[in-house]
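Let me begin by presenting the structure, written as structure tokens, before commenting on it.
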Amino acid sequence: MTETVVSEMETRAGSPLPQGEPASVPATAPAIPSMAGRRIRMESTRLNFHYGPKQALWDISLQIPEKTVTAFIGPSGCGKSTFLRCLNRMNDIIPDTRVEGDVLLDGNDVYGPGTDIVDLRRRVGMVFQKSNPFPKSIFENVAYGLKINGLAPRGEMPERVEKALRRAALWDEVKDRLDTSAMGLSGGQQQRLCIARAVAVEPEVLLMDEPCSALDPIATGKVEELIHELKRDFTIVIVTHNMQQAARVSEFTAFFMLGRLVEHDRTEKLFTNPGQKITEDYITGRFG
Amino acid sequence: MQTPSFRRSTDDRGFRLGTGFFALLVVLLVAGIFFELYRTSHLSLSKFGLRFWTAKTWDPVSGEFGASPFIWGTLYSSILAMLISTPIALGIAIFLSELSPRRLRTPLAFLTELLAAVPSIVYGLWGVFVLVPIVRKLQVATPAWLKKVPLFSGPPLGVGMLSAGLILAVMVIPFTSSVAREVLKAVPASQREAAYALGATRWEAILAALRFGRTGIIGAVILGFGRAVGETMAVTMVIGNNPQISWSLYAPQYSMASVIANEFTEAADNLYLSALIEIGLVLFVITVIINAISRLLIWSVTREVKARASKPVPTIAYAAPTGGGK
Amino acid sequence: MNRTRRRKALSGLVVFLCGAAVVLALVPLFFVFGYVIQRGFSSLNWNFFTKMPKPVGETGGGMANAMLGTVYLILVAGAFAIPVGVIAGVYLSEYGKKSFGSLVRFTADVLNGVPSIVIGIFAYGLAVLPVKHFSALAGGLALGFMMIPIITRTTEELLNLVPGTLREGALALGATRARAAFSVMVPAALPGIMTGVLVALARIAGETAPLLFTAFNNRFMTTSLLQPISSLPVQIYTYAVSPYEDWHRQAWAGALVLVGFVFTFSVLARVVTRRLERMHRT
């Protein structure tokens, strides 16, 4: 393992460099050997984030490999959602926030001066904790992203909408009522609708912020099945407070604590033989 | 590598500036009214100065422009209206927010709001043909000894300060009561509960709520006063339109808004017009000040509540029938 | 205890007085409505709705031009006041937390309290004085200025009620801020915004003072923005202060129509809102 041995709360956790190496080594070298062979879709390099005067994230550096599921776990308030939102610059809409460090999408800095945020957000989609369908019809919800980004001529819309709904395993349930209001769907269906809406624009990366936390176990199961299917086409990052879920759906897991990245490794390794003691404490605390 | 503060895409800036421009228009509108009025009344302002507001005779035909009767008329009629309407409006507010059975609340509230929806001209019409004859009968029936009191002296014309005060009172009641009701709604239930827990009677618990919201209630009353000051049509039709200063309720008098309404189109020369506009300018400034004070008072109650509680507090006085005189 | 009895008696008295206040307030309401209906109804006839005013002494005249004039004026007013008000409201709900937003909010409230006759003087200076004649445009401007603060504030409040996650959802799909606001947030708040607009329109339809020297009056029908135009409230006023019996009767009829119009509009606004809200929920 070329990972550095990290002492507790050492801020350079997750760095690909053995201790002592200068920081100018390019950050695109995958940290975890098992990532080699997969293209790195997104990565962050020493990301620091501030809400006004308060710092929330310290020196986060990690890589997201293509067409895999990466889970972010950690206790409440550890910064995993904040970090997720940095990836598609959703934190920009909060006033007084500040970012230091880089976030790269396919090697390009998303915080760079030439970045088109609107395009970024189409390429890096997001599904939220509480489903937020628009008060429009089911069809219009799914078509929304297509329309505003000009991704499909009008004639193609129904086809694209159907494709997205199938991908979200919702088509059979709603195909007869596409014109009815989305607000009439159940909670689980609404969340799958939001997933359909997000995948309709064919993002490259799909960010999911605790997508199942408001759902019952059956709906949760359906969404997890969905994630298994979706990862064939999309790179997925999922924030979850449920470790069993992380273990079930992800290939890689990153453990956050108090705004720092403590450990990032293959899921099976992290859960069976974690490198850090705090990770072990956290995990065993939950698994009981 | 350090990246400076977060970047916005250019269309975000465009959106902010674009919509901000329209918001700016609102501010410019108010500023514009002030400057426009100031500009067009300049002739009168520079010619008469402060004498305009101390002189007592208004006789434009012979060139005398004394506007103090109008201030008198406006203040008298508005204060009279507030004296009559405030207890009633507060009673309604208390009844609707604290005392009435739930089922009655909406229909009763709706009915009092209906009072506010009646256009001013309709009140004026009713005032001229129904209220004034009644008042005249009342005046005729006043015992002789009472007529000696300056408050009740003068011939029984029907039109005059009393009619104006009554009609203004009716028009202001729904306004004050609806704002007061919103203030009372914003008072947290814990205030009343604390009183009850100490063994208070119904009224005493209500008093506790009133005490908490007292600045807001005062604000509601002042807001109503501002409404009365600006009221035009109904007052014009029943006040008698006589530019005299009199303590008598029975005497026909004149208000600032009324003289503008009546004489604006008759004003033959620029000086006359400018004098009328000056009256309008002062009316504007007075109502702005009154509104500003009352909004601040009302706002201080909601701010206090927000500071104490964590649940959202309704914004006050947009449910209220709004607006100055009609 | 004697003291307790007194306190309870006082409480009871106050409760009674408050109830009496409500009754007392409703008396003039029924009084006014009653008279308007009684005196106005008998003068409502076909002529009233279809004919123009006739010269004094001739019967059979009507207020057709006044009614159409009112409709025309509120359309002119709405044409600029609604977009300005809604967009300003959007600004306040998106960016209004800072001090400029507070300033705008404050001035909107202040503008709301400005007497309508003063707004009339303003519109006079703006649109009548330079061209030296009265016009429907001037009247429409005056009425529109009155509408702007109402629409701005109701739009802002309703947009604030729409959950912020809808905005985030739209942004996350690649919408620009503007797109998110106008294609998601505003449609979500639309029922309420429409009520606000309709109620504002109903209110200005009844205004007289600002029209007295802007739109002035017109014995004939006109569709030109640059001509003076008749309106229902002004016509009622003119007739009411005249010495002619026939005109008085027409004034009552006009008042009945006006009250009916304002009333129906307000009720309509609430019904439409509820309908739209129900559609949203399905």
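By letter and in written order, the chains are A, B and C; residue numbering begins at 1 in each of them.
In the analysis below, a residue touches a chain if its C-beta (ideal position, glycine included) is under 8 Å from a C-beta of that chain, and two chains touch if they have at least 3 such contacts.
On a predicted model such as this, the values are computed, not experimentally measured, just so you know.
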| item | value |
| --- | --- |
| Among all chain pairs, the one with the most C-beta contacts | B-C |
| Chain located farthest away, centre of subunit B as origin (C-alpha) | A |
| Most centrally placed chain, judged by C-alpha centres | C |
| Intercentroid distance (Cα basis), subunit C paired with subunit A, Å | 50 |
| Computed distance of Cα centres, subunit C from subunit B, in Å | 17 |
| Subunit A and subunit B, separation of their C-alpha mean positions in angstrom | 56 |
| Of all residues in subunit B, the ones touching two or more other chains | 9, 11-12 |
| Touching two or more other chains - residue numbers and ranges from subunit C | 176-177 |
| Per-residue overlap in subunit A, given as positions that touch at least 2 other chains | 118 |
| Residues of subunit C defined as touching subunit A within the complex | 97, 163, 165-177, 179, 183-184, 187-188, 279-282 |
| Residues of subunit B touching subunit C in the complex | 9, 11-12, 14-16, 18-20, 22-27, 29-30, 32-33, 36-37, 39-40, 87-92, 94-96, 99-100, 108, 111-112, 114-115, 117-126, 128-130, 170, 173-174, 177, 201-204, 206, 223, 226-227, 229-233, 237, 257, 260-261, 264-265, 277, 280, 283-284, 287-288, 290-292, 295, 315, 317-318, 322-326 |
| For the subunit A and subunit C complex, residues of the former touching the latter | 88, 90, 93, 95, 118-122, 125-126, 128, 130, 132-136, 144-145, 148-149, 180-181, 183-184, 194, 197-198, 201 |
| For the subunit C and subunit B complex, residues of the former touching the latter | 7-8, 10-11, 14-15, 17-22, 24-26, 28-29, 31-32, 35-36, 39, 83-84, 87-88, 90-92, 94-96, 100-101, 103-104, 106-119, 121-122, 124-126, 129, 145-146, 148-150, 152-154, 157, 176-178, 181, 202-203, 205-209, 212-213, 216, 233, 236-237, 240-241, 248, 251-252, 255, 258-259, 262-263, 266 |
